[in-house]
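One structure is given below, encoded as structure tokens.
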Amino acid sequence: MTDTDAPISSDVLPSDVLPGDPRFFDRAGPFSVRDLAECAGAEIVGLDDDTDRTMLQGVAPLTMLQGVAPLQAATAGEISFLDNRRYLPLLAGTRAGAVILAPAFRDKLPPGVIGLVSKTPYLAWARIASRFHPLPPAKPGIHATACVDPTARIAEGVEIGPFAVIGAGVEIGAHSVVGAQAVIGSGVSIGERCRIGAHVSVSHAILADRVTLYPGARIGQDGFGFAVGPSGFETVPQLGRVVIGHDVEIGANSTIDRGSMRDTAIGAGTRIDNLVQIGHNAQLGRCCIVVSQAGISGSTELGDFVTIAAQAGLIGHIRIGEKARVGAQCGVMSDVEAGADVIGSPAMPFREFFRNVAFLRRLAKKDGKGEG
Amino acid sequence: MTDTDAPISSDVLPSDVLPGDPRFFDRAGPFSVRDLAECAGAEIVGLDDDTDRTMLQGVAPLTMLQGVAPLQAATAGEISFLDNRRYLPLLAGTRAGAVILAPAFRDKLPPGVIGLVSKTPYLAWARIASRFHPLPPAKPGIHATACVDPTARIAEGVEIGPFAVIGAGVEIGAHSVVGAQAVIGSGVSIGERCRIGAHVSVSHAILADRVTLYPGARIGQDGFGFAVGPSGFETVPQLGRVVIGHDVEIGANSTIDRGSMRDTAIGAGTRIDNLVQIGHNAQLGRCCIVVSQAGISGSTELGDFVTIAAQAGLIGHIRIGEKARVGAQCGVMSDVEAGADVIGSPAMPFREFFRNVAFLRRLAKKDGKGEG
Amino acid sequence: MTDTDAPISSDVLPSDVLPGDPRFFDRAGPFSVRDLAECAGAEIVGLDDDTDRTMLQGVAPLTMLQGVAPLQAATAGEISFLDNRRYLPLLAGTRAGAVILAPAFRDKLPPGVIGLVSKTPYLAWARIASRFHPLPPAKPGIHATACVDPTARIAEGVEIGPFAVIGAGVEIGAHSVVGAQAVIGSGVSIGERCRIGAHVSVSHAILADRVTLYPGARIGQDGFGFAVGPSGFETVPQLGRVVIGHDVEIGANSTIDRGSMRDTAIGAGTRIDNLVQIGHNAQLGRCCIVVSQAGISGSTELGDFVTIAAQAGLIGHIRIGEKARVGAQCGVMSDVEAGADVIGSPAMPFREFFRNVAFLRRLAKKDGKGEG
């Protein structure tokens, strides 16, 4: 892989286009600045209350906004967003009609640009962008090619896609969407307004409301359980389920095994990224964040609001306290206290980890000189 | 992600229910204590031989058992299991009719509870739990929606699920199950009593008997092979296969690439967990264990009974000796001797790894004080 | 898992067979040595120019070759390949009719064996093996069971497999193949001669020509984006796309999220292995290599010709310069300069990493003695 001076078969990619490509995204609106500010809980600055004109220049502002765009691309009919001090130069030059930003930056608004000031600007952005580009609603109906067991109970407003397979006794709540080729095993219960992606498989599971499973997620298969027998391994029956709380999201190709003697449980509001592994009997609290390629071994418990960063691994049968944060690639071999920040493999407090790194670097340099 | 004091949108999950939810699991039985003891190879204690009454109290015991349950939930008609000294308090308070346990704990049985004493209590548990909850047998037949090539040879008793695709010349042995939407490529051979999960794809592969592939497993696709050409990478044809021995299990969304010039081979009895990557030409011995998110690079060989823990990574073209154990997150860059235990990245003996960790911690603390 | 002395339920696997099992691989040919040398840009040695006889022995050589085989198995009608000094003993004993090898080894050719000498022997091998075993062409036609939206535009020569789902407004270029049960979301554009594997899902994406997606790849789902709201996390709409350049390959069960406000982009010629995660807004240059189970977080950029080894992880919002190489299991927390080689977690130069490892080992040993 060293001959990298060779010419390349094709040019680089075309430059970015604006977000919201109409081939893929519907757009609602237009919405007035006042509507948007209200939906986002933001304070409007730079708009004359009486006339809806900007105060600074007296020019008629485009107070009806058509869509969202980044600072460098937005036009007068669009609203943009500033989330980071390093993008202040882009703010100075923006042609956006309005910008969502934190109170600290309100004085940096260029003349003629309306500000939507929020102490939680990213949340304001989430709400306003969702206003313009709402999640497409379910298209009620069962596709002609889907294979739905006659004993399944499908509530009103449910959408079931092509070649989906719905097993015996399945329950699906109102306005949920089951994507193309999803396979829902016998007895599974799915709440209301859930979104089951393409190629998802679910078995031995109970899902609450507004659960989203991204394509290829695997929920409810056997955990990794076996005993050593005289002629090889023998499987231990996995007799639990997977129980998923309200508003949980589980990323593409992630895998959650069902419990062996109790349930594997994912608390309400928890967000799990792509390619995450959750072992049997694991218990995740509410509003945890588990980033991509992390792994949580069997019977380990997470309190509420725990964050597990990318590629971290937790051994089995430990407990991570509420609000603890586990760093990327961390290897956690024992309990972590509530509120603690750990990193490294084996895990240690952030401070200790970086002190060790710096110390080792310094010593090794000295050593290199002394012996060189 | 710091605003975690906010109220939460829904309550925590309902508490656990008993294992074996009848929505998902069939139940066989009841079985007598004697039957179960025989099937598990366990010795019965606490049962009067003549009368089938418990010796200690003379009360009629429930010697016909209905099912399995954990110590804290089991009732007189159920059998439970003690596998760990720290659960002895639960044993003391259990209401289970019988408990499987090791000889060391036989004296801890509460009065009136029958003991099934085994030197391999987890194996005894596996067998007794399987007795109550046997794997559902294949339901012979090809689903009306499946797409089976007329040249495929399907043995008796095979179950083929909805929308499964079976290619030309495929062979499937007796009593195997092919799940919904599995895709079996042309020429693939599957042995008897195999279980192919939903959404599995298999190509260029030979499977022996009793192989289990969990949902989303990817078997037999091209390995990652290419050469640097004048105008970019050029693919090297991958002309080998994947050969899988008897009784192998491969977890959900794991990927096993076919060989380039020889076969990728998985030895009999080996168990591979979820999200594992096995590169082209890799050779795994018999009864290896590969835990979730581990990766084995191309042409690397594992002897028999090797254990690779979660998230470990092995570079290509090395050999791991028989019964070696590779720790979680270990990075193995060279051969590992038979029977060795290694951990760390790069891999080193367990003892050295933990000595280094402790040493660095101590030195860095001293250093911190000296400079503080 | 210590009882590993137990007998095993079945024998080891049968020994390897030759590559190119006719159940799975078509074979073209025979081809003359001259044809093959020309296709590979190699120099022929050991062949008498006038008579097509080998110079050394004057015996009629088998200058028409039937196929490829490894050195130890090839017969007089086959061509083989030497890529590594340690296989020189195999060369000495080979019965191959011809061998591809580097100039340094030309003197090691046994008598009567024709040499195809190339400065890029692996590339020569790729081309000659591809000549004998070309990629099977698309079999034009839409399978009767496929579900194709009437507004999709399918070019000539396209193959669409069983149960594939093609959404509204999809475009598929000439001679592309869409595998069984692939799901192509509305509006997606696929170029010419692409190969979309079984169970792939693609949404919100633009694919150039000759893109290969292996089974189970997930392209275009929502990135991991949410804000903290008063009653839990709130989703931030992901309004970008995934844009994939010419000749890109993406491995089995890998996941590439679409951008939030700009596109996630994969440069032409880049090769991504299995189980790789690419976050929203990431930008990969041309001809990058990303090995299995690596993860690239959101908004991170790779220059051209970057190599990311297996299980490496990159945090978000950093830049990896052209031709940099990131080692296996590396944890990259900040920018990497063009051409740099880094490894370790956190990442450091190769030299420093191995110096630290050696240093720590030495010191810990001393310390162990002093305190022992």
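Chains here go by letter, A, B and C, matching the order in which they are written, and residues are numbered from 1 within each.
Simple rule for what comes next: contacts are C-beta pairs under 8 Å (C-beta built on N, C-alpha and C of every residue); 3 or more make two chains touch, one makes a residue touch a chain.
The chain lineup, named per UniProt: A, B, C = UDP-3-O-acylglucosamine N-acyltransferase.
Because the structure is predicted, anything quoted here is derived from the model rather than measured.
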Notebook entry, point to check: Do the two copies subunit A and subunit B share over half of their interface residue numbers, or under half; same or different?
Noted result: different
Item checked: Superposition rotation for subunit B onto subunit C, Cα-based, multiple of 5° -> 120
Checklist line | Distance between the centres, which are taken as Cα means, of subunit B and subunit A, whole angstrom | finding: 29
Margin query: If a residue has to touch 2 or more other chains to count, which residues of subunit C qualify?
Written below: 1, 3-4, 8-9, 120, 163, 181, 199, 216, 228-229, 232, 247, 253, 268-269, 275, 286-287, 293, 311, 329, 345, 360, 363
Margin query: Applying the document's contact rule, which stretches of subunit C touch subunit A when the two form their complex?
Written below: 1-4, 6-9, 120, 147, 163, 165, 169, 181, 183, 185-187, 199, 201, 203-204, 208, 216, 218, 221-222, 224, 226-229, 232-237, 239-241, 243, 245-247, 253, 255, 257, 259-263, 265-269, 275, 277, 279, 285-287, 289, 293, 295, 297, 304-305, 307, 311, 313, 315, 323, 329, 331, 345-346, 348, 352, 355-356, 359-360, 363
Next item on the list: Using the touch definition up top, name the residues of subunit C that touch subunit B in the complex.
Entry: 1, 3-4, 8-14, 16-17, 19-21, 23-25, 68-70, 120, 122-123, 125-127, 129-130, 132-133, 135, 143, 145, 161-163, 179-181, 197-199, 214-216, 228-232, 247, 249, 251-253, 268-269, 271, 273-275, 286-287, 291-293, 310-311, 328-329, 345, 357, 360-361, 363-364, 367-368
